[in-house]
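Each of the next two complexes has chain A plus one other chain: chain B in the first, chain C in the second.
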Partner chain A sequence: MVVKPPLQESDGKPDIEREKPVETGDDRGFVGNLVQLPRTFKESVVRQSLPDSDRARSQAVFSNLWLHAHAVRTHLYSLRPFYTMGLGVMAGVLVAILTITGLLLMIYYQPSTENAYRSIKDIVYVVPGGMFLRNIHRWAAHAMVIVVILHMARVAYTGAYKKPREFNWVIGLGLLVLTLALSFTGYLLPWDQLAFWAITVGANIAASPREITDALGITSQIDIGGLQKQILLGAEHVGEPALVRFYVLHCVILPAALFALMGVHFWRSRKDGGLARPSWANRIPMRNPFAKDQEGQRPFLGDSTGVKTYGLMALIRGRTPAVSRAPDNTVPSWPYAFLAEAAAGMVITAVVFLLSLVFNAPLKELANPLIPENPAKAPWYFLGLQEIVAYSAFAGGILIPTIVLIGLGLIPYLDREKDEQGIWFTNRLGGLIAAKSFVFALVAAAAAVAIPVTVGWLRTWFPDIPQLVITIINPGTLLMLVYVAYCLLVLRRTKSTRMSAIALFSCFLAGFIVLTVVGTIFRGPNWEFYWSSSNWPVH
Partner chain B sequence: MNPSDEKNHRPKPRPLVERADAHEIARRQAEEEERRGRMSRRDFVSQCGACLAGVVVAAVGASAARVIKPDVLPEPSLSFKVGSPSEFTSGEATLLPDNQVAIFRDGEEFWSLTQVCTHLGCIVAVGPDGFHCPCHGSHFSMDGRVLGGPAPRPLQWWKLSLSPDCQLVVHADQEVPVGTKFKFET
Partner chain C sequence: MRYVLVVASVVVLVLFGIMVAKSSYLTEWREYQQEYQSMLPTAPPEEGQVCELAQEFRIKQRQAVVPALKVMDRCVTCHLGMDNPLMDGAKQPFRKHPGDILTSHPVEKFGCTTCHRGQGVATTWRDARGVDVHWDDPLLPTKLIQSSCGACHDAEWLADNGAPLLAKGAALFEEHGCRSCHKLGGLGGTLGPALDNVGLKIPTEFSFTHVTGEHTAWNWLAEHFKDPQGVSPSSDMPPQDFTDEEMDAMLVFLLSQQANHIAPRQYLPDDYFVSRARETNSRPYSGEQLYNMLCQRCHGSGEKGRFDPFFAREMPAIRSQRFLETASEKFIRAQIGQGRPGTIMGAFGSTSSGLSEVEFDRLVAYVKGGVEDHWNELEPPPAGSAVKGKRLYTKHCEECHGKAGVGGSGNQLASRTFLKAATDGFIAESIRTGRPGTKMEPFALSAGGPLSEQEIGHLVAYIRTLSPGGKPK
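Now for the complex of A and B:
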């Protein structure tokens, strides 16, 4: 190991003239150095040999740029498989898969209305492995939407958003929005029928504040909707400028934002002491599930073994195992946390690869600005949105999503009860409320869909009703109000903001599921309700 | 130059005690100012600087943001000839999918409706009972009034005119009130 000279006061000489310490032992002359090149080069890259003690493992994690996103030691509680189910790691791995496959797809893809569709065809039929590559990109994107939502559910139901992690929850919501925005901009690029009509619908949702400004008669002065649409499309209609804008968004702006927010997300959870865990996890000694002593028993970790093996670098203010005060229920991150993460990453990679082998990513006909498909459906994760957009463009496309996001973002600031963190549903009551509110929300959402399908809505009875009334009073907004009322009721009954937060998240989840299922399965031509697609009219 | 010379010419640092006093005095002055409800000169200058920096950043950001909205939009002409009035059959709707309009004729009266749904911009399809939008189920009557679904307003009626060479011209950028019909000799 090279010993650095101690820092010296400048003695006036330029650095270059200062005497270098004489290194002996490692210099073997030209031929000797040449022979030693593989070893010396390897040692210059990876400065440590494979660590053989916990202290060396800590050192390895600490001094490596890529590994030091981890603490050198990981709490056993964080490694419980059914606590996190590895969902956050999976989301991160999916981002990696999407980045790599995305970069490879970029080699062939051409963002022009003339060539976009052809280049996708090339990727599928001409490029070696291109079809598989595109499938992976597609299914990884779908998996990411699911995994991110499940990860959010885990954090919500285990109360892991509580102090000091409030803002990280908000950043997580930002990541959810970016995930959806990336999905949206992504499926536009093939310039097939889905792409064209999805941009058209999306751009007109951006223009839907006109519903309000029209009703107030101020569109000619303040046309917020029109401005948003123009900025999105670079034109009044979907065409070349729109495709280029979405391409830049999908390949540069949104990924850059995603990486930045991911960095902050990881950094903050690391600085907040890793994953949230209940306070007793730091008080009760835990047995090491990874080791056995001579009698075949699982030994206790930390104090009871009498050996503390971490270096000083493990001691970060306030959030680390308290030396000689409490049991140290941590294990070295190398290898235990890394193995757990690798396992989660491999599971999700395997799932995505299997899906990609079995199912091909769809590609519809070339975009035709004259005829939309009937029904024109977005990918499944937007069909819940499409369902409420079918009540009112502004309410469904902007108002409700904004309120839902604000509502979810406020959860950690309104629920500041000092419950134990890191426990699913906090307690038995929490589990009960999560289940009850989930069922309630399912029924309410089903009713919200059923009423307009069976008996119609305001316009059926009052044909000349002003649009503003429908924008404000429609099944979507009413469903949201019912959910809010239900959560307030839970708050009043239980006197607990935590229980209310659980109810709120259950409502969000159930509402999302019902609307998505209805949009995916039960909507046919002209967005009418059909029990089965086999009942669709032939035309 | 001899390095030792330079060392000798360096001003001697003030004694620590004196520096501490100067700092202490400045601090007391600032406290005194604060007690009187006045901002210290140092705070004032630094806050001015911060504001200035903020204004500059905002101005640069705004000018950069302006780039994304072009002054001229790449649109095809929204006024187009659709043929001689006599080519249209009286009492029927003629759909011109390329131009996304429907032309109606009733004797000498002509009118035209957009085929773009006022909800989210899909193209409506014509049926026996009016126009249906495939995307979100809006339903319009033959004269464009909303009969059902999420459409916020009727299908737009466009201005019609006759070109010098006696062709019917649709002005798909000039909306006219619902029910406005144009008379042309055929």
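Now for the complex of A and C:
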């Protein structure tokens, strides 16, 4: 039920009309207009003067294209720093940083095998600030992968994927895939040894369904792997066609898809009433940490005048607090939410800037198809998969990622328990299970690496074993089965799909971390295990 | 939240400021240019003299761009005094380019890296030098710079025209008989790799596992010359005892070997074609030239056997009187043409060594030296028993020729190419009378040795069994 509260000033006009600057009678003749030009121009651009009341600010949020992605009021629960940690905002800010630096890099970069490497050298050596431009782009891309995964962890552990946000979780997974795809396609563009051989590994993974079709003897009829590789590279090997394809994917197709999905992602979370929060946050008055005095911390209040106002703009279908029956725990988005977002954005910007000052983005020798890098490593976030690719390109590169993505995507549809949302690990048991399963998954993943390293794998004992067997039975697939079994065990013990979902996500996170760390730090030439890269045979 | 925002914003601003400062003001090249500017005079030292003045000097990046050579060299951003006479003998990077090479090879036409190598696009010294950074073509040390002349010019012409070290290296290459194992220009042995493009090899093509110094091609080559097996464990190359100057000459010569790199037509000097023409005109080589190029490194003059301490074996006296009296030209042809597979004696037939038919004939004729042989009159020994022969072999031959003829300090006998070409008479005669001038003594009773003619027959029968198919057709 919506009740129209008493307005602060009542001149009978609707808010929107009243706030418009009045322009009539402003003609002062040629000279007068010329003198007034700075003011009139400014007013024509920014049609409102800087709003000076909460209502005016709300008005501005409502009527501004860029600000209206926000609701005019934000729930205090959403602003708790340790609830979201600003991760979603950070991801968005990183996209902005990447877009700006990416566009600037595009001005200098030439996507041809002849010029690509040289143009990167020019960016590094002669473009003003070019080296930092490139560093910022590189580290922001890496930071984005981390931030997106952490954001996903936040959503998973707080149960924020639950109804009505199930599909937004799936869109989020799509954004994760796009983030990784953008990173991967960007990897080839410098056309150095690192790029060339990492993409060669990637292209061979694309061709890996041949492991299955070869085993079935149908590769000559249906060569899915070959087709995928052909589509990706436009040729048999990484070369000019591949470079152009990756360039177009990286600069046009994937960013377009990313922006579109980001729009949907934001729109849906806005339409779903902002961030998920427990039901008590709508019932029990919350302390407003932003209000300066005791008075302002009283519940039922939002507006600094002490009078509650509801314009049309504050109405969100089905999510409106029932006035005078429940506390209003919202604050105006301007300034409180914007402040929080700006802070999160500035923090991640500072981190990226600092990294860019301290570490230069790597650029190895010009790509040389005759001299393979050993080890040829994919970007770090794929090294967990490359760990499994070492056994089977199909299992590590296609089978497992697909199953993992499907598994993660199914979480909100299988866990439909009506728990409280927006609470880390839901309850004490959830926290315990998250920790326990994380430790279990760490140990299991470490074992999945340690056992083959110490005693070998099937091929060690049965040299003639068909590859298909290893494609199906390898440390990666077995680890996945162990994880699934563990989650089913949790389900049986707790009789709770939510607890099982927490366990599943912990397993995913721990497995990802262990395999990635092993692939990044402990793997050397020929993918052999080394405790330190200083033990690598020198080349 | 407010404080987080303020602090983070200040940090971002400060970091951004540092980035701007570092990329626009605190650059290595800018400091050099400021220093150079301070070294320039404000007025010409002499009345009417034209020279670069401090007030006219602009601080900006400079580069030499030569599209035809794919050169974009920013070296001149810091090496500012290249053509400034006032900078003669000044400290680096401002020193005037030594010599008058820039008059014939102006920077605008040739760039810098065409001769000096290094990373021309870079604007810091470390990156421009290109050693231990990710760059395929590190800066050449000054002492090896003459190698770049050889990329276009004729080595002989260069001897009197600015690159004596290169000419010396070319001479050393032939003197040391490097061609015995290495091909160059298609001519040479097969034991080692061909060297036509060794000057183009990039550091990553070498294995630096056992190299102690810098990861550059020249350092690899230098360390490899001194200790071939230390640098490349499977190498068969004997260590080379070069003086420092000889070492530099050899490195210069090797680095000038860039067959696959041909400068654009308009850049090629006349003597480049002279060089090509001389190469063609000097063929076919004489037998003696070929012997010195290909055989002399191991066999010496060939008149006497010589013990090679590195290979720890006697090198056969292939031009000793006794050998030539007993060996037919056909036999010598086969031995040179097919070599002794499995030993360091490679095949030098025209298909494997790059000799023309004429040259191969000349080499064989030179080795044979016109000595009359009585190959066909050599008397075969009486038929013997291989079993008895084996016992005799163990007693008399194994010490030098190795178990079952695999070779030791003496020749390998278990060799198909040898046994196919050698008649029973030739083998028997070699045992009977030995090879004067070598460790192979006469073994026949008649010559004061221990073996009867029948025992020699047993030995020949046994030796015949040492290699499958080891019978003359």
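Things worth noting here:
Throughout what follows, the second predicted complex is superposed on the first by the 493 of 539 C-alpha atoms of A that agree within 3 Å, B and C clash if a C-alpha of one lies under 4 Å from a C-alpha of the other, contacts with A are read in each partner's own complex, and residues count from 1 in each chain.
Convention: contacts are C-beta pairs under 8 Å (C-beta built on N, C-alpha and C of every residue); 3 or more make two chains touch, one makes a residue touch a chain.
Fair warning: this is a prediction, and the values are worked out from it, not measured in the lab.
In the superposition on chain A, contact of A:287 is made with neither chain B nor chain C.
By the touch criterion defined above, A:205 lies against chain B but remains apart from chain C after alignment on the C-alpha atoms of chain A.
Contacts of A:240 after superposition on the shared chain: chain B is touched, whereas chain C is not.
Using the contact criterion defined above for the overlaid structures, shared-chain residue A:132 touches chain C, although it does not reach chain B.
Using the contact criterion defined above for the overlaid structures, shared-chain residue A:55 touches neither chain B nor chain C, since it reaches no partner.
Contact with chain B, but none with chain C, is seen for A:386 once the two complexes are overlaid on the shared chain. Once chain A of one complex is fitted onto chain A of the other, the partner contacts of A:371 extend to both chain B and chain C.
Of the two partner chains placed by superposition, A:80 touches none, neither chain B nor chain C.
Contacts of A:343 after superposition on the shared chain: chain C is touched, whereas chain B is not.
Shared contact residues of chain A, touching chain B in one structure and chain C in the other: 371. Contact residues of chain C toward chain A in the complex are 1-2, 4-5, 8-9, 11-12, 15-16, 18-20, 22-24, 61, 72, 74, 121-124, 127, 134-136, 202, 204-205, 207-209. Remark: chain A residues 79, 81, 118, 121-122, 125-126, 128-132, 192-193, 290, 336, 339-340, 342-343, 346-347, 349-350, 353-354, 356-357, 362-366, 368, 371, 537-539 touch chain C in the complex. Looking at the complex, you find that chain B touches chain A at residues 3-4, 6-7, 68-70, 73-75, 97-98, 100, 119-123, 125, 132-137, 146-150, 152-153.
Only residues 11-13, 197, 200-201, 203-205, 208, 210-211, 214, 227, 230-231, 234-237, 239-241, 370-376, 386, 389-394, 396, 456, 459-460, 463, 467, 470-471, 525-528 of chain A touch chain B when the two sit together in their complex.
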